[in-house]
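One structure, pasted below without further comment.
Which chain is which? They are A, B, C and D, in the order written, and residues in each are numbered from 1.
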Amino acid sequence: MQYVAAKTADEAVALLAGHSGTARVLAGGTDLLVQMKSGMVEPDLVVDIKRIAGMRDITPEAGGFRVGAAVSGAELGEHAGVCAMWPGVVEGFNLIGSTQVQGRATMAGNLCNASPAGDAVPSLVAAAAVARVQGPNGTRDVPIRDIPAGPGRTTLSKGEIVTSIFLPARPARAADAYLRFIPRTEMDIAVASAGVSLVLAADGTVESARVALGAVAPTVLLAEEAGKVITGTRLDDETLARMAAACEAICKPIDDKRGTIEFRTRTAGVMAKRAARIAYDRAGAKA
Amino acid sequence: MVKVLLWGTLRSAADGQAEVEVAARTFKELLDELAARYPGLEPQIKRGVSLALDGKIYREAWFTEIGPDSEVVLMPYMTGG
Amino acid sequence: MKTIQVSTTINGDPAEFICTPDETLLDVLRNRLGLTGSKEGCGTGDCGACSVTVNGRLVCSCLVLGAEAEGAEISTIEGMAEGETLHPLQRAFIEHAALQCGVCTPGILVAAKSLLEKNPDPTDEELRYWLAGNLCRCTGYDKIIRAVQVAAAEMRGA
Amino acid sequence: MALDAYQKREFKQVGTRPNRPDGVDKVTGRAMYGADATAPGMLHAKVLRSPHAHARIVAIDTSAAEALPGVKAIVTAADFGVPEDAFLLDVQDHCMAREKALYDGHAVAAVAATSLAAAKAALNLIKVDYEVLPHVTDVDEAMKPGAPVVQAGRAFENVPAGMSENVTHHCEFGHGDLDAGFAKADHIIERSFRTAATHQGYIEPNACLASVTSDGRADLWVCTQGQFFYRTLCAAILGMEASQLRVTASEIGGGFGGKTMVYMEPVALALSKKAGRPVKLVLTRDEVFRATGPTVSSSMDVKIGMTKDGRITAAQARLRYSGGAFHCGTVDFGAQAAFAAYDLEAVQTLGWNAMTNRPKESAYRAPGAPLSIYAVESVVDELCQHFGLDPLAVRLKNAADKGTKSSYGPTFDQIGLKATLEAAKAHPHYAAPLGPNQGRGLSCGFWFNFGGNTCVSLSVNTDGTVGVTEGNPDIGGSRASISLMAAEELGIPYDKIRTIVADTSSLGYNDVTDGSRVTFAVGLATIKAARDAVQKMCSRAAKIWGIDEDAVEWVDGAAVPAGPNAGKFPPMTLAEIAAVSAETGGPICGHHEVNADGAGVSFGVHLCDIEVDPETGATKVLRYTVFQDAGKAVHPSYVEGQMQGGAVQGIGWALNEEYIYGADGKLQNPGFLDYRIPVASDLPMIDTVILEIPNPGHPYGVRGVGETGIVPPLAAISNAVSRAVGVRMTELPMSPPKLLKAIEAKG
């Protein structure tokens, strides 16, 4: 195996594009090193992108924030601006692993690992965040939703890397939230999860909402119907029950050691309605 | 004579008796006598037994003296974690 | 596999080592530098026994490549006491029986120290969540939480 | 006067909380554990493991691996003999599969190479030709006629005819007329329970460093609960004489029973012998889960009859345990312990062990008892609910006491159950209010405890300090407790004593650190070794004073003239006597060797409050209190630590920990990510109440405390959860999917 700490994104792209064997990008390494330890992957080339200028920066842009691909959970969690604007994105990302893992893990890595249960992804989908992808043919912006192709697979082409994630600007009365279900309080993979981002109208009703569900399908689901159900409401119990039902209706989970189809479906709805409530209260508090 | 209480699974090897009487002054004599009188008990005795004497459990201790009125209970060999 | 030469600072002292590209920082510390205080309980970031700080960030050294340590400042359990003087956390762990077998203890101490540097007065809940990645099978965590709070109070001068 | 019998006394040091002697090493990273040792020329070993749950090994071709540069030795079962002794054969077969791979993860070959990378690469080059066989991993399935036979011809003579060949063992305990007893009951509840296998979950993976030299001598450095037993097993498997194999116990990173058995140590020795170099073998966490530990899994039926005023009239339990692919007698302990807390006229417990394609069971804290007591305490709780009776009052009404004929035969001597129950009843926790979706559970627990083979040597140094040499690895602060007892007996300060754990060549045989035996038995031997030294010191003082040695007493760390000579000479301290020991007859040492009995059974009661999220089945432990009889708490902090640690392991077992097997017979969760032991944020503080009802069989009244603490949590939590959700739970762990299903089925 060869290890290269790339100095520029161009260098990283060139290395990855030009390599014929198994190549992997190393950002936080919290998935890659585990896979290497277990023998799941034996890369011939590992390209470390943490030393590329800008990769560890969080930069204000167009009223929102651009988060470099190598920004760790701990770093994002310490950024007051992002925490205020996108609390749900931060809390989703910060739920990954332990404090120790937070010192290393990255959102881009969580996204590109393409686990249906990745905790950073539902909130990013709900936030309509956009990944900037650089490859041999240049740079393109891709909605987060379109990056994962299935468990462990992405839509990125050979040589392409995510260099940053853009969190768009928000109106004042807006907030988001993320909840996942795990059997313990920490250190587990989500059994079902939900990210909810919403904007309130001046009268305190929901003006628009995006709901995303994790761990209940091969990729994160955007629950469009659930978002519609809560739009125009104040999230009374009856609305939330309908929203949960709308979420359950689109779940296509698997049975495995972490949960049953029935359980995942049920808890996805519960997480969604609870996350919606939190986002709603947060947005209301800002108003 | 000493009365020895046998646990359930051993009783079939001792003509169905729950309690047998043997002439013994020590554990060693007791185990030898049991094995001689009831050969069906021998495999378990070889694997190991503990003995409770008046409520106190002994794992080995051949020469522990048994009084005529002592309560003697045969138990599986104890281990732990 | 071609080895890589790496220059770092470990516990305040310059350190150089060579490692293979797939070798973890934990392997380097334990096998190449003789710093066996960091323990491997899982090798997959699930137990925290190998906790160290890299440039001030708490990490599992089993999830860092040795090669990534180039130019970094690393702190391990071996650097926690100053000479003969134990860190207040170390002293509190002994005085309050916060260890039994002791194999998780180095990682927990490194992690707790890292928290108190950020937050000198954590609640029990903040402390428990911070330490959730440090498994202890012996103590049930009770005495660990108490000992960290005792040390935190002492460090605050309370 | 029997010196080993309990005598009431005022303690000066026992009962205090000094710093542990290994503390500084452990907080500075200096302590040397299993994987921390190296040796010149050391090789690294890796084990090849079966990917199949059950397969005949048709052929193994190691030639390509042997040809790999850096590979120095490869061993398979062909490198070992076939022991005649059935127990030893099982131990060896577990370390290295002989004819069949019996479970997923079973070792089939091992490689020693100059680097770990080379050893790993070599594993990939070993070709094993398997004939995959049908497998069975569930105990009830394994007992059915026609089940795949794990090993043939292994049943004991006590197994009734006509059962599946997997059933190796059967037991029955109890007394009285069950039919008559059940006829007297106002209500009878019969329920079936299941528990998953769990792992001891020690944080330090098994590790050893083996060095065999060409003259046949060998050294083994290993994390173990018992270096002497490891020596016995390794020497027998390798055909060595015990004196030629020195085993040194490293510091041990947790064991809980799981490090009482060899798993790969004989393999490391065989590799070292073959390669002619030291070999280090460290298991990965995945290997620890797949091929060491775990507990039995179980399926159980319990039937109990009760009168409406809360008296149990008859009780019966049928226990089906599986200890994996080998014979296992753990069901004996489960069957004996099941009803130990109760004074019963009619009681019967029946047990069976069935082999399954799982790793060989290893002891785990009070092996077998937590399961059967979980089932019994659940049914007792449900009967209390049925009659609307207070669960503590019902337990007190039926509690075993001095003079009770126990459910396993003997009549109890002094026991602490009633005092423990009374303490729980009087505790504010029992009366605290509960909120919605919350429930309170309680359970009794019991463990036998034992003593065993113990040898201690105590040397008085010429500077007035004392060394204690004992032979049991310190897994929870025992060196501190041993030093305290020596200090108490000698009358010198605790910090003048250093207790060390000896290797197998430096001391007589000591049984493994198990059965909660160390503070009891090693403590007893230490006290007696100290008394032996005291007698010698009194004799030296008598000679110096020119008086009869019977006229010298030991008071507060000094020889004092007594009787007719009282006051004639000033006291002579231990340091003063030691300083002139060369002049008065040579070194002064005390020794004691014993196979200790009379450990004294131990009871505990746990109280816990749980809140259940009715929408997800998530549980939260809100409050937890442990009440346990310690006989005498030598170092109360470490007694509390045992109680807290045991409780939390039990919480894990009750709520989330389990071995999950797929339809393919493979373990699905061999890692800390999906084998979910409790993390700090899952738990509240664990309150403890230590009771001290002296054990008549120990000079200081000490009872073992290490194991009882894991027994009550399973039922205490299940009872709390069942009460919180209004559904009786009968399967462990009560993971959220199971709990939510039960809640939704209730409607």
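Going forward, a contact is a pair of C-beta atoms (placed from the backbone, for glycine too) under 8 Å apart; a residue touches a chain by one contact, two chains touch by 3 or more.
Every value quoted in this text rests on a predicted model; they were computed, and no experiment measured them.
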Query - Intersection of the contact lists for chain A and chain B - result: D
Requested in this report: Report, in whole Å, the distance between the mean C-alpha point of chain C and the mean C-alpha point of chain D.
Outcome: 29
Query raised in the report: Between chain B and chain D, what is the gap in Å from one C-alpha centre to the other?
Result: 26
Query raised in the report: So, what's the distance in Å between the C-alpha centres of chain C and chain B?
Result: 55
**Report entry** chain A and chain D, separation of their C-alpha mean positions in angstrom
**Finding:** 44
Report summary line: Touching at least 2 other chains, the residues of chain A are 38, 185-187
**Report entry** Set of chain B residues in contact with two or more other chains
**Finding:** none
Query raised in the report: Multi-chain contacts in chain D: which residues touch at least two other chains?
Result: 200, 256, 672-673, 678-679, 681
Query - Those chain pairs that satisfy the touch definition - result: A-C, A-D, B-D, C-D
Query raised in the report: chain D touches which residues of chain B in the complex?
Result: 5, 7-10, 18, 40, 43-44, 52, 54-61, 64, 71, 73-76, 78-81
Query raised in the report: Which positions of chain D touch chain A when the two form their complex?
Result: 286, 615-618, 655-656, 660, 668-669, 672-674, 676, 678-679, 681-682, 735-737, 740-741, 744
Query - chain A-facing residues of chain C, complex - result: 1-2, 4, 20-22, 24, 43-46, 48, 51, 54, 57-60, 62-65, 67-68, 70, 111, 114-115, 129-134
Report task. Could you please specify the touching residues of chain A with respect to chain D in the complex? Result -> 38, 181, 183-189, 191, 256-260, 262-263, 266-267, 270
Query raised in the report: Can you name the residues of chain C that touch chain D in the complex?
Result: 1, 20, 30, 35-44, 46-47, 49, 76-78, 80-81, 86, 90, 93-97, 99-106, 109, 124-125, 127-129, 131-146
